[in-house]
Amino acid sequence: MSATTAPSSTETVLAPTSRWHGLLRRHLAMPGILAAALLGTYLWVASLSLDDIERRSLNAGYLLRTINQHLMLTALTTLLVVVIAIGGGILLTRPGMRRLAPVATGLANIGQATPAIGLLVLLSIWLGIGFSTALIGLVAYSVLPVLHNTIVGINQVDRYLIEAGRGIGMSPGAVLLRIELPLAVPVILAGVRTALVLAVGVATLATFINAGGLGALIVTGIKLQRESVLVVGAVLTGALALTLDWLGGVVADLLRPRGLD
Amino acid sequence: MTENVMIDLQQVSKFYRGQKAPAVENVSMTIRRGEIVVLVGPSGCGKTTTMKMINRLIEPSSGLIRLDGSDVTSLDGNELRRRVGYVIQQVGLFPHMTVATNVGLVPRMLGWDRRRTEARVDELLDLVGLDPAQYRNRLPRQLSGGQQQRVGVARALAADPPVMLMDEPFGATDPLTRDRLQNEFLRLQEKLRKTIVFVTHDFDEAIKMGTRIAVLGERSKIRQFDTPERLLANPADSTVAQFIGAGASLKRLNLRRMNEIPWEDAATVQVGHSPASALRRLDETGESAVLTVDPDGRPLRWVTPRDLEPGQDSLDGVGTTATVVEPQATLHDALDAILASSCGATVVVDERGRYQGVVTIDDLMRAISEMRASERANDQPLAETPARRSAAGPTVARQARRS
Amino acid sequence: MTFPEYLQSRRDLLLAQTLEHATIVLTSIALATVIGVLLAVATYRSPRARGIVTAIAAAILTIPSFALLGLLITPLGLGYVPAMVALTLYALLPIIRNTVVGLTEIDPALTEAARGIGMGRLRSLATVEIPLAWPVILAGIRVSTQMTMGIAAIAAYVGGPGLGNQIFSGLANLGGVNSLNQALVGTVGVVVLAVVVDLALGLLGVLTRTGRPRRSAGYVRPRPLRRASTAATVATSSPTPGGP
């Protein structure tokens, strides 16, 4: 927008620069803390003399492989969740389907108390262990917050805005695309961010059903009583979760429609 | 007669599933080109439902609605609504779009190119009194409530629709802003001559805005459909009388506007001049008070010789504050302003707030007795054309009206 | 062995594990409520301080539970203690956030009135502000309880008590006779327990509700689910906290 031509009296118009400043101010602390935690862990491990078992886990190749598995699980889960949950949320807010929305909300509440590990084990008994079972479990576990937030996000859009849109002759599709969805973006993105964090967390349990991920390090550390492996696994998992959540926060700020406070 | 009809409702009803009684039952009503028909009634009487059936935001269950000759149910609903202006109480500006985008939505949907839309947006903002350069790129939350509603009106006017539907458009604003918006809208309507259906529950607003008023009862049943004058003079039944409420004579002051009665000239003096020159003006004109105006001609205060102490060297802040009304204000508004100013007079100003003339309590009394006399004289059906607003008195010519 | 037969044959064990599960969750929630409310009370008047406290609680909630448990067993060893510490840490955020919201949303006229009749800060907090904020605080407690119910299952892997042990037995026996029964009773048991406890907390809300008018309609919006959040949404487990 032509913010440069805006007269000085419109001081509340967000100039692009102030937007970036705000973004930096709000999001600068976390990368610093994470970098410090990772560096500290690295220096601590480097100061230890590792035995064979530890060296089998704590080498760049193995670490990168587990991180990669973890990220794959998380990324695929998030992708599937976004498609399924946003699509479902749109459907469940259309006239006619609206009556089913409380069911989704009720499921979301129960889902919150469901132990993820229980879900993974039950799915493994049914479908066998492995990557695809883990993926299904992760999607099932993370889909509900996004679905719930999509429904809430669309339903919280002022109904007068929808009526105004219809009143000036917008088609239902145009009202959805130009009014309902843009105004629901902050709430939907909050749900996606939650799903992302849930997926990273549940992916640590994927190792229990042979689907890899950083949980393997933690399990090794506990089972074989190797503190260094345990700490590296836990720190990496935590850092990964915080990094993704941080990224989610930055994206949410960037995609936030103007005009909302 | 038929080509003069813009909206025609015949035996229109609305039933909702699961409700025994219809929300609207057998409403028939004819609305002519260029008139403002106000639907007024208690909340829940179905007046909004009746209005929304005209642009099919609510589908009628039975009956026929014709808009400019064609049956609205034969048209595509979205196309229909793009050609009928729509203003609601909550304004409904889209908060994530700029003022320009909001106003330009309908033209864009109608396939206008960007340049034509932009030019139209600027024209409309100017029309509703918002400087395009200043407001075009603002977001709705950066506007006051009154400004938002002006943008809402601009959006409804965007594709120059012949018909506007307005659902309590000024209901959410404070009384002062509401008055201003009403006056501005009437001024606009003098130029635009739209056919307007206006819903309100405020009978005073109905009297002020309406060419004709339909008083609705339960299920949108029309209790009386007539001009404000005749409604006030002859309420059809006790329910209508009850709805009009007490103080009918006072309400009749709403029937006449400032631009329909004569104004006087006041002695004015620029606030920058000396107290001595103010006294000279008083001597010249023989008036008892002089009106100070700012360099742009906006009235400030009434100054009497008693306000001027010896040795005073400036007129700034001297005297009692003057109250002002616009030419579109009613006699009721003027009486209010006169009572508020302790000087027995109020100043008439144009839309920029510049001095145009003065109306005193005596002028007002004279106008009221003339009104009484003329009502007694033509106690017969008034002219059936929407003539009330255009048939302004001879004094209209005195106004320096913006073209 | 069918599921009912399994339930029958392990009745005592299952009841004991359910009780353990409820105990560790409720103990952690009680601890988190005390700590969370204290932190909120100490910081809610300074936007900066409460921002920092909320951000830390949110960051803790973002760390995967298995990783946090792993980090905690290094200093605390295996067993009950790391599980309880982890659950308490996780439960903090919804309680802190709701307490802050509940306290800041109180009509200033009421706190002023309390001061006006000569109450000190602490007395005003204890007798006016916290009771007024209680429905919102309780809503946060309910959300925390639901969350920790599921997380407590994972704690079984580091020697924690509760129904999670059934799930991990099922995992260890994968393919064995009782694997499905164990995983099922563990998972469903936790969900059922969560529903029962939530109902009980709801009842507590009704019982502790006093007759004063509440402005709840204004600030308790439909809850966008945010497990790890810095957004200023109030966590509520039902549309209105403490019953309709």
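Lettered A, B and C in written order, each chain numbered from 1.
The rule is simple: a contact is a pair of C-beta atoms (placed from the backbone, for glycine too) under 8 Å apart; a residue touches a chain by one contact, two chains touch by 3 or more.
The model shown is predicted, which means the values in this text are computed figures rather than measured ones.
Q: Compute per-chain Cα centres, compare each with the mean of all protein Cα atoms, and return the closest chain.
A: Chain A is the most central one.
Q: Which chain pair shares more contacting C-beta pairs: A-B, or A-C?
A: Counting C-beta pairs in contact, A-C comes out ahead.
Q: Can you work out the whole-Å distance between the CA centroids of chain B and chain C?
A: Computed from C-alpha means, the inter-chain centre distance equals 57 Å.
Q: Taking each chain's centre as the mean position of its Cα atoms, how many Å separate chain A from chain B?
A: 53
Q: Which integer distance in Å separates the CA centroid of chain A from that of chain C?
A: Chain centres of chain A and chain C, defined by C-alpha means, are spaced 21 Å apart.
Q: Listing for chain A: what residues touch at least two other chains?
A: Residue numbers touching two or more other chains: none in chain A.
Q: Touching two or more other chains, which residues of chain B qualify?
A: In chain B, no residue touches two or more other chains.
Q: Can you tell me which positions in chain C touch chain A when the two form their complex?
A: By the definition above, chain C touches chain A via 55, 59, 62-68, 70-71, 73-74, 143, 146-147, 149-154, 157-158, 163-164, 167-168, 170-171, 174, 179-180, 183-184, 186-187, 190-191, 194-195, 221-231, 233, 237.
Q: Chain A touches which residues of chain B in the complex?
A: Spelled out, the residues of chain B in touch with chain A are 55, 57, 78-83, 86, 88, 90-98, 105-106, 109, 133-134, 137-142, 155-156, 165.
Q: Quick one: which bits of chain A touch chain C in the complex? Just the residue numbers, please.
A: Residue list for chain A touching chain C: 29-30, 108-110, 112-119, 121-122, 124-125, 129, 144-145, 148-149, 152-153, 155-156, 187, 190-191, 193-194, 197-198, 200-205, 208-209, 214-215, 218, 221-222, 227, 230-231, 233-235, 237-238, 241-242, 245, 249.
Q: Applying the document's contact rule, which stretches of chain A touch chain B when the two form their complex?
A: 1-3, 5-7, 9-10, 12-13, 158, 160-161, 163-171, 174, 178-179, 182-183, 257-261
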